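Listed after this line are the structures, all set down as structure tokens.
Here come two complexes built around chain A, the first alongside chain B, the second alongside chain C.
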Partner chain A sequence: MQDFLINWLANVPGTAAPYAFAALGLIISERSGVLNLTAEGLMLVGAVAGVGTCLTIGNHPLVALVVAMLAASIVSLLFASLVVILRVNQVIAGLSVVFFCQGLTGLIGTLANWQNHPIAGLNKIAIWPLSDIPVIGRILFVQDPIVYLAIPIFFAVSIFLRGSMLGLKLRAVGENPAAADAAGLSVSLYRIGAIVVGSSLLGLAGGYISVVSVKLWITGMVGGRGWIAVALVVFARWAPWPALAGALLFGCIEGVVPRIAAAGIRAPQYLVLMTPYLATLAVMIWVGARNRGHQGEPGALGQPHVREERR
Partner chain B sequence: MHDVAMISLESQPAPPPKRPPRRGLGRFTLDIRQTISPWKQAGILGGSLAIGLAISVVILDLAGIAPLDLAKELAGVFNANSLRSVLVRAAPLILVGLGAGLAFRIGFWNLGLEGQMVFGGIFATAVSIYNIGPESTRIVVMGIAASAGGILWVLLAYWMKVRFRVNEIISTLLMNYIASYFLLHLLYGAWQDSKTAFPQSSQYRPFERLSDIGSGVNSALLVALAVAAVAAWAVHLSRAGFYMRFISANANMAKVVGVPVRTISLVVIAASGAAAGLAGFVNVTSQEGRLTQSFFDGYVFSGILIAFLSRNDPIVVVIVGFLLAVLFVTGQTLQVFYQIPFTMVQLVEAIIVIAVASSEFLIRHRVRWTR
Partner chain C sequence: MTPALELTGIKKSFDGVIALDGAVFAAKSGEVHALLGENGAGKSSLMNIAAGFYVPDTGTVAIHGEAVALSGPADARARGIGMVHQHFKLVKPFTVAENILLANPRRHFRSGIRDIRDGVREQAAQLGFDIDPDRRVEDLTVAEQQQVEIIKVLLGGAKILILDEPTAVLTDVEAERLLETVRRLAQSGVAVVLVTHKLHEVKRYADAVTIMRGGRTVATADPRVASAAELTELTVGQTAPLPDRTERPLGTTLLNVGALHCARSDGQVMVADTSFFVRAGEIYGLAGVSGNGQAELAEALIGARQPLSGEIWLEGPGDIGAAPAAIRREAGLAAIPADRYAFALAGSLSIADNFAVATIESGCYGPPWLIDRAAIRRDASEAITAYDVQGVRSVGQKAALLSGGNAQKLVIAREFSRQPTVVVAHSPSRGLDVRACAAVHERLLAARDRGAAVVLISEDLDEILALSDRIGVMTRGRIVAEFNRPADRQEIGRAMVDHA
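Let's look at the complex of A and B:
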């Protein structure tokens, strides 16, 4: 039993990291008032870009992750121009970008022959001597560098949103774009910036899945984690630290799935694979049942801003 | 020089206000169009569609299909054989388009069309496996069961929305994954074909399949057209159609003046799920002949695309459904002969939606360049 727990918990940071990065990226762009449903697609872009980089230039996982972030940011410019400049319905635009990315990554992965080619990826490092502490040593101090990087990133974004002038302006754009516009802020620029920066984190999340966790590209490998991240943002009420807690919760749930089979517990495999999605629904119901559905939601979420249409 | 300045100061009491200095390239301003001529509207729409299709052709060219070959394949769709498969494909596409369009009409984002198709297929197959009803009416019972499966799956999401305010965009999408894992659970377990040991149900018996109705046209198409006719009546002619427009315009106002908002929403959303369930039913009973792992792949976004392009109008849904079926059949050909993955269809679909959605901006606004 102890082995089971340690193996499980040692996996959790790795399974939680994609959720954490993706949710954080979504929080940045949604705080500017843009309902961002693109997570699933941009994570796929990051995933294919990461593996593609490793297969092309050799195994440089950190370079691959940077490329993954850049690739997702570049594709997010499409979404940004749709919703910010052309004021397309944000749900339609988000869904279109997801399916655009699904098609594109499937096509690129197959044509470039990146499918099912394993890469060495990024390995875990042991922080000696902390890693020799019994039990928690393996859980906390034998992880890959990106997991450790998550902590400063969360601090940075949290401070940026709550404590910096730029973050205040970003939130103002998301709460009341008309007022922000009147105060001289460029709503469009803030929103485009938030989408692009947030999407780089979505790319990192996708790249993490393919380069660090699975070390392989498979078409559609993100498998709904992007949608779960969207739900996670609602659960976290658009705040970074609760999102990290939620990511750890989903990391625990996702991490237990392969452990069940490995521990020799006989359970219907495909029903077990449903758990992350069922858990997400359960969490959403819990959020709703607390009767605070809209707390923390940016005031202008999902509404395009056209100065000439000011009401 | 000094003199001139003095004189001008005295003779001209107030200099006219200076124009602000010209800045760089100027900027865009947007005007809201009050009216637009139908020709201009059609021109903008057609222009953006053309741009979208051109981008798709360029991408396919990069993927290794020369535009000429593509034209040949597209033209090849219109021989008798391929046309038949277009008609077969059109049936489920029209049905998911109707399902999406009905729900979008009252502002319910039913993105769970695939999950509802899965449950439609599962319920229909259950009727076949457990031999429910006499053989003569078996196919009808399967259809009804499939609708029930779709309704069940969509109403779960609606219940979560009404009771717990769970956003249906997220819940319906997640329920697609849950449904597909449940399908795999059945296909790798109790319902696995004992003859082939493949993860699929055993073949339906002949009376459990939608038959051809002459010249290769499958009765699946009749099912789809019948549902489209009912939907068109409901949307355009019935009182419910008027209520639906009222609800989507202003749900609170509708409630205040006595429109039965809850009932109408419930019925429309159930109808949306039923249409998706039927799409699963016609797919398994006309094309596959058995329940397979992936008979529902790619239908969510197809439904969204059809509903979006047809502006949720059931009559236009039929036309767009046929056009999309052409794209699907072409996609299959390209998959077989050029090893282009079928996700290409999704890519082209997404580009078309993006192009048309962008055109709406130009239809609604006049963009001016001011300096």
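Let's look at the complex of A and C:
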């Protein structure tokens, strides 16, 4: 039983990391007032770009992750121009970008023949001597570098949003674009910037799945994690630390799925595979039932901004 | 002396509708310069150009004699122009200090906030405001939010301060305090532009007045020399005559309110044991200082608030106190609420939709699955012409694009198109100019003459006195006195104060 628990918990940071990065990326762009549903698609872009880089230039996982971030950022410019410049409905634009990316990554993976080619990827490192502490050592101090990187990234984004000039301006753009405009900020520029920067984290999340976790590209391999991240942002009320907590929760749920089979517990397979989505549903119902539907939500989320409109 | 702010030959059109047509304006440092005009005369548009929000189609903006092309609000602020908008440009969940820091950025957030806090305290003390820089803006009253806006602009180093209808959202006492502050600011060398349509403010507080009508500047005058009548005529064009009141016999009781109790959302009882009745062909005026339960009473009458106890009896359906608003509407109750955009109009829907929403339930535009949109547009267009709603390019445009007065006319057009038997109007002329105001009053009198029972709730005693057949005075949620027409203004005033 103890082995089961340790194996399971040691796996949690790895399963939680994609959720954490994706949710953080979404928080950055949604705090600017752009409802971002592109997560699933941009994570696929990051995933295929990461594996593609490793297969092309050799096994340089960190370079691959940077390429994954860049690729997602570049594709996000499409979304940014749709919603910020053309002011297309943000839900429709987000959904179409997801479908576009699903098709695009499938096509690229097949054309370049990256499908099902395993790569060495990025391995876990043990921080000695902390890794020798019983129980805790294996859970907390034998992880891959990206998991460790998540902590400073979360600190940085959290401080950026709460205690920096740029963060103040970004939040103002998301809460009340008219006020931000009156303060002389370019609402469009801030929103495009937030989408691009946030999307780089979505790319990192996708790249993490393919390069670090699975070490392989399979069409559609993100498998709904992007949608869970979208829900996670609502659950976290657009705040970084609750999002990290939520990511760990989903990491626990996802991590337990393969363990159950490995531990020889007999349970209907599809029911087990369903648990992350069931948990998402439960979380959304809980959030709704608390009847605080709009608390923490950026005031102008999903609303395009036009200046010369009389009211 | 060169004017601090000078606008010449300004033209501006929005989607083909001309808002400004060669407007001129000049304000000197050290004066309060009023910009007077009706709703839609182009005052706000002109000042939005001065503050860099709109780019003029033609014309020049000069600051201290130097012609400038403002690239945006930040540029205008850098040149010492600050504007306090009618709809405040504040981020509600932010603190006061954060809001001010946003408009006056510093290099670092933390030191910036400290710096701003000190600045706010100092500026607030100078102006006689009591503002805590660490409070959230959404927790402040409207008057306090306005003070934050003024501090924000002054901390930005504004030497030209534009106030767009600053007193529209304030009580009389608050407005007086604000205008006194504004006078002191002018004495310290700031050029203050006071956009308003209230003549008495101009007479009392302005050193100069520029009058606009239909997008043009019609005159610049000294308000201490020009008479009120002259100014009115310049503003309106020709003076709108007061509607005639004909004495009519009263009919049966159509609305009876008995022992009504209502509470605010936070549980505070605002209407306590209020009873009154209104007969056919009668306007019942409810006077009182704002905040004495009028808002809650009006909401209870129109069905937007559940009363705690008591009766609201309508001829026909009987007691409808707890019944949904739809039942009242079916029984012929028309509602003209004080907050148009909260209770009467959906700003992002079209004018036609806003018009049709009152009657569509009855099936007059076909069954729900087959709405006759052509008929809706036709009826809306007819009503817009009949009720003189202006600034309408097409009935498909958003209702939010209408100016305040025209939005109110649209509400009235919709409510009166059904020939209501009972009308509940709460501050129907708030924020409206002379002409729109007269139009609203005329409609209320016409409804009375047609035999409707009208409840007129208003904080404007002149309005109450001009229209009402019977007047109730509301204080602390109770009707403390009733007067028959002709009522004595002094006595009503005394009743308001005595029981407070």
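By definition in this document, the second predicted complex is superposed on the first by the 309 of 311 C-alpha atoms of A that agree within 3 Å, B and C clash if a C-alpha of one lies under 4 Å from a C-alpha of the other, contacts with A are read in each partner's own complex, and residues count from 1 in each chain.
Here is the rule we use: a contact is a pair of C-beta atoms (placed from the backbone, for glycine too) under 8 Å apart; a residue touches a chain by one contact, two chains touch by 3 or more.
Everything numeric here is computed off the predicted structure, so don't read it as measured data.
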| item | value |
| --- | --- |
| Touching partner for A:V88 - first (chain B), second (chain C), both, neither | first |
| Which of chain B and chain C A:V197 touches, first, second, both or neither | neither |
| Which of chain B and chain C A:A39 touches, first, second, both or neither | neither |
| First, second, both or neither for A:T219, with chain B first and chain C second | first |
| More chain A residues in contact - chain B or chain C | B |
| Contacts of A:M165 with chain B and chain C, given as first, second, both or neither | second |
| Partner chain(s) touched by A:E175 [first = chain B, second = chain C, both, neither] | second |
| Common ground on chain A, meaning residues reached by chain C in one complex and by chain B in the other | 307-309 |
| List of chain B residues in touch with chain A within their complex | 29-32, 59, 63-64, 109, 111, 160, 163-167, 169-171, 173-175, 177-178, 181-182, 184-185, 188-189, 301, 304, 308, 339-341, 343-351, 353-354, 357-358, 360-361, 365 |
| Chain C-touching residues of chain A, taken from the complex the two chains share | 163-165, 167-169, 171-172, 175-176, 178-185, 299, 307-311 |
| Chain A - residues contacting chain B, complex | 37, 78, 82, 86-89, 91-93, 95-97, 99-100, 102-107, 110-111, 219, 223-224, 227-228, 230-231, 234, 268-271, 273-274, 277-278, 280-281, 284-285, 287-289, 293, 306-309 |
| Touching residues (chain side chain C, partner chain A) in the complex | 14, 53-54, 72-75, 77, 85, 87, 89-94, 98-99, 101-103, 105-110, 112, 347, 400-401, 403 |
